[in-house]
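In this document, chain identifiers A, B, C and D correspond to the written order of the chains, with residue numbering beginning at 1 in each.
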Amino acid sequence: GHGVTKVALVPGGPHPYFAAWEQAGLDAVEDFGLGKADYRVPAEWDLSQQNELIESLVGQGYNAVLVFPGDAVGTNKILGELDDAGIPTAALAGCVEQPTQAKFCFGTDTGHSAYLGTKELIKALGGKGKIAHFTGFLVDPNTTLRINAVEQAVSEAGGGVEIIQVIADIDAYEPADEKINAFMAAQGSEVDGIVTTAWVPAVVAAQALTNMGDKRIKMVGIDHDEVVLKAIKDGYVHGTMLQNPYGQGYIGSYVMDKVRQGCEFKADAPWKSTAQTDQFIDSGTVFVDISDVDTYVMAMRGISLEILETFDSTYLNCPS
Amino acid sequence: MNNKIPNFVKTNQFGLLILVIVFICIFSFSTDGFTSRFNIYALSRVVALDIMIGLAMMVVILTGGLNLSLGALGVSAAMFGGWCMESMGIPISITIILVLAFGSFLGWINGFVTVRTGVHSFIVTLATMSIYFGFMTLLTEAEAFRKLPEAFTDFGSLKLFNKYISPLLIISVLTCFVLYYIFKYTDIGRKLIAAGANPDAAELSGISVDRMFIYCHMLSGFLAALAGIMLTARIGAAIPSMAGHLGFDWLLPAFLAPVLGGTLLSGGKVTVFGTMLGAILVTLINNGLYLIDVGEFWVRFFLGIILLGAVLLDRAREYFTVKNSIVS
Amino acid sequence: MSDYILELNNITKNFPGVKALDNANFRLKKKSIHALLGENGAGKSTLIKIITGVYNQNEGKLFLNNQEKSFSSPNEAMNAGISVVHQERNLIRRFSVGENLMLTNLPKNNLGLIDYNTVSKESKKWLDIMELDIDPNTIVSDLTVAKMQLCEIAKALSLESKILLLDEPTSSLSPQDTKNLFALLKRLVAEQDVSIVFVSHKLEEVFEICDEVTVLRDGKNACESEQITNLNRQKLVKLMIGRDEQIIKSKKNIDFTDESLLDLQSINTDLGHKNINLNLKKGEILGLYGLVGAGRTELIKCVLGLDKINSGQILLNNKEIKIKSPKDALEKYKIGYISEDRKKEGLILMHDVLSNAGITVWSNLKKILSFLNDSIVYNKVDPYVKQLEVKTPSYQQIVSNLSGGNQQKISVAKWLASGTDILFIDEPTVGIDIKTKSYLHELIIELSLKGTSIILITSDMPEMISLADRIITMKDFKVVGETINNHNYEEMSSSIMGNIHE
Amino acid sequence: MSALLKKDWFGLGLVLIFGSILISLFKPAFISPFNLYVLMLSVSLMLVVAMSQMIIIAIGQMNLSVGAIGGLVAISFTGLMEVYSMSILPAVLIGLLIGLACGFINGYITVKTGISAFIITLATLYIFKGMNLGITEAQPFYEIPEAVKFFGNAKIFGPIPYLVIVPIIITVLMWILMNRTSLGRYMLAYGNNVQSSELIGISSTKIVIYAHVISGLLAAIGGMLVVCRLQLGTPNIGDSWLLPSFAAPVIGGAILAGGKVDVIATAFGVILVSIISQALVIFKIDPFFVQIFLGFMILLAVFINRYREYREERRTKVFSDE
């Protein structure tokens, strides 16, 4: 007797990245017969607000929570409390650090995606050149992971590539616009490549390159904002590291239902390890450039279906 | 000259108390889960923190100033505490003392610079907010301290009174009583208020206003540090981002509680229990809005409407009671 | 039809806990100067504010030129031809004098923008009429209090209204300024048919220029439009306070060869005081006379450590002391200061009577752990508040709701309670009614008889001569003379004025 | 000359000139046309926002909802064009109307209830921002007409962007308003002393409502300019306005208790803040040091500008009486 599963999908705050979760949840209800799978957004990007929302959701009878951790460490506390209350949780789109009560982390390995993106950039630059890295809030531990990952990719390039500047704390459009343009003005002629590892800097940098009409500087962005995608099509941006928010929401909801029905994760499940956790399942990161930017949705769907098909057999032990 | 209405009814606190009761009734009847043990426990923890943050702002508003560095200061103090416990292995009790001293010291810097340079505390704390937060990120490299002693983190999840109430709330309420005592029943408290109300007159009456202002800032730093420790215990780790970028996430609750509570922004008047009720009211409304399910994207909108309604209602109460007192 | 230009019938005005006006009547004849008198808190300013639309009366009617009117804003009253100088200063301190004068009707150029040349020119005209030698471009906050008051009067004149209400216009004017002003007012009445309401606590002035008198007592009429010729000072005082005035003179035997209690030796200050020497004996009232701006207040503030003393020394009982702050002065040396500016420096207007009266004694009264409660403070200050007959509904009344005179009493009471040995008293009776004034005088004398040494700053010559034992005259931040007071008004005043005009 | 020395903008002007010379000596790129263009853009946007706050500071109040108004107008403006395919001009007009309405609400409630504007605008901050999020569900609008994009991006000649036209006009108008019209002078008088100005016959209702309406309009213009610049309408527009909106007028010598603001000095304050944050990028300050530097620079700037008048500012309160 575990009743119907009511999943709450809780992002870190209002942000377009998570928008696909809403439809994914609805589809999961339809396809897998869940009681509910609702997309519930905290009013602000604020760990306490997110905690308050999650707490109130439990009050409303949700019995499984998929959460984008407001903080990789800080979110653990509430996940532990939910676990104590018999409510399974998982980290979605981003991971929490171990030790954790989250059943697993399903999302993008942020460090790895930054690493891959930088690799792609270095490839596009032909193995040498000067690059800049634009990223988000310094206090977000993911930011440090990304800075390190970019450095690692550069060091592996063997001396031909050099990071000339890291600009951080630009997760809002207006400061990002100001700082990125100031950078272009000061270093635009020197820099050969740009890697961005957060949504807003990617949008603003793509826009800046488009405005300048500069196709010399190679840029690799992140995520699927329309501005970035259009800039790829127009040739101002080399490519972007796409993540799979729809798949995260869809499969995540499915797994939560399974867990509530008593399924356990296999002891020998083929987890991946990241800097944060060793119970990680990759929801898929793909690099797209001008050649496949139009078809990426299909590609993502393919990845999702593939994960879903083999999920039970790969990861779960279910009571028959 | 007095009339039948008891004095308490004329106060802002009374209006708030009524509102709090009304909202508790509304939410209890209109939502499931509001009165659930889990929810009340969760509320008690949120309220505890908001009260503390509100008090920390209140004592600077008393001087007619503001403390924008509140969040940055609280987080810096909390990170310092994390460092003491995790890296230095200092025992919990001593760490807490050190953290509170550290918070008071950062507050002293705010106060000292404000008083000595004559630059407005708004600007001074705007700058120190950047500076404290910058140093904190620099020194910690944005790494959290999460191997804290269990006795400490367990305290944050302790459940008292039949598992309804967090001990954090008790700390906050006790702090309210202590502050109330200070402001109402001590020489120093009265001097703080007098200095805030009219610095020139207070100075000429033999009060060292500069010192009083510095005390207020120190007290603010102390309370913010206390809030930082409480949040650390609640989260189970000291995290650089726990109050958002530059500690911004604390600013709105910091203003809302004292301002709703009836603290005068021009200084010279504090209401400790008003601040407490203000914090309770805001937390209640926030929680209730989530429970009522107005759609998360509209939560802020309704919060704003209710806040506006609350202050307007309070003004109406004032009008009504004052009118009555003219008649008699 | 009557020949009253302004008529108020049965006006009642309530404030929370106070009935400021109770069925009061007031009639202003055309082309007359009408004195509105009464003790502090009698309701004079309230009446003026009802006439000018600042307050609305609860009951009663107002007639202007025999037409019933009710003004809901100061603007309406102004447009109806009433201009006013309120008791409180109402200049915009950061604006220039010229702009302040023209503020309600700023001249515009063809583009509709303010024309500051015309502002200067127009305002200069009014400053000249007042015989005020001020550049219209001066910023108001750079003016002395007296000049500000004159500017406000100039501003009221500039509206060229037929009714002019002056609420204590002379409170900080020098005798010379007052004389000039009166000449001007008389001219206005004679030549331009202006009618004037004049509020003052200085009865000599009333007799000098007023035609009729209305006296208020506790918000009611004690007399209504009485001809001045039917009254004398005694009668008037009786109307106001319900009993006869007592004239007090300090008569003591002070041995001026005694050791000094407080000794200032060749003090030079940052503010420009040059070589100030003065000494205060035990139990003495030392008068410090000077025209406004002579630097007396500033000298005291330097002594209290608020501004820097560059050279010279201060001796207390022949020991050199360094006073760092008023706190130092109060706690270490038992020296207190009653400020001339009670609103800004004397009182905390938003706080209640008890905490204002007790502020100086908190430190002394505090118990263990700095504990202090209302009843401890109450017990200490109540005798002094009672002694001064402060008129307040309760100790919880907010001080800003008290009348000016009662506010002044509170700012005196707190220093009485503090029990200091030396008291600097700065302009204690500005805006104080005669009843309170004589109380205060009695009090000052009594204090000195009990051994408190007092330095008294006042610009009110009769006050100075009746109270002081010795009078020091200051001019331009220097001491220009010292006289032992023989309480003979003519002799003393001519000797002092001689010092000033030397 | 001594009259010049007294001006609020004089000290700041010197700081700006010497600062710029110093920076360009070390980094010639600072005076490259492209950098000047970028600088002008960022100044343009913040200038309008700073003016929107400045006029409220002038009457001795605070408007915490400037950013929320800007954001609401920004997404309404783009939403109208994208969802309802409205053409630019009516969309701009409706945007202005929304700003005006928001400002009117702030002013009307403040003056009619006598509650401090700080509290009212704190509540309306939630309301306006909440509407913004409720309408957009955090999704940006992308369909911006080319003309709008052009306006946000193109240059008139040399390094001068089109975008700078609006702020320049606004600054001139604001200067005239605050220095040469009765309305502006009454606002300052009101900010100086509420009681006095009421006794003089200045109507509080009118002054407060006008100030808030102008503030709302300027915030609206700011929001739309940001849309032109970013070329998209995101719900986050305005989120980062609050502190800079205060910093610039205050660095420019404004007194938060009211009655003293200086349009030119405020503009200089905006430029100074922009230059500081740009210099941090140009000098490649380690990202971990940026916040610390910024804090010290703000303090330094205020010290330099305030030193001579610090006595006056001593103990001035944020708010005058309620």
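Of note:
The definition used in the following text is that contacts are C-beta pairs under 8 Å (C-beta built on N, C-alpha and C of every residue); 3 or more make two chains touch, one makes a residue touch a chain.
Source: prediction; values computed, not measured.
Set side by side, the interfaces B-C and A-B show unequal numbers of C-beta pairs in contact, with more at A-B.
Chain B and chain C have CA centres that are 43 Å apart. The centroid of the Cα atoms in chain A and the matching centroid in chain B are 34 Å apart. A separation of 72 Å divides the Cα centre of chain A from that of chain C. For the pair chain B and chain D, the distance between C-alpha centroids works out to 29 Å.
The set of chain A residues that touch two or more partner chains comprises 14, 41, 43, 138, 169. Counting partners per residue, chain C has 350 as the residues that reach two or more other chains.
Each of residues 137, 141, 200, 264, 297, 299-300, 303 in chain B touches at least two other chains.
Pairwise chain contacts in this structure: A-B, A-D, B-C, B-D, C-D.
On the chain D side of its complex with chain C, the touching residues are 176, 179-182, 185-186, 188-189, 192-193, 195-203, 259-260, 321. Contact residues on chain D toward chain B in their complex (touch as defined above): 109, 113-116, 118-120, 122-131, 133-134, 137-138, 243, 246-247, 250-251, 256, 288-296, 298-299, 302-303, 306, 310-311, 313-322.
Per the touch definition, chain B reaches chain C in the complex via residues 1-2, 184-191, 193-194, 197-198, 200-208, 264, 268-269, 322, 325-326. Looking at the complex, you find that chain C touches chain B at residues 14-17, 304, 306, 325-327, 329-331, 336-337, 339, 344-351, 355, 359-360, 362-363, 365-366, 369-373, 393-394, 414, 418.
Of all residues in chain C, only 52, 54, 73-75, 77-78, 86, 88-95, 99, 103-104, 106, 108, 112-114, 350 touch chain D in the complex they form.
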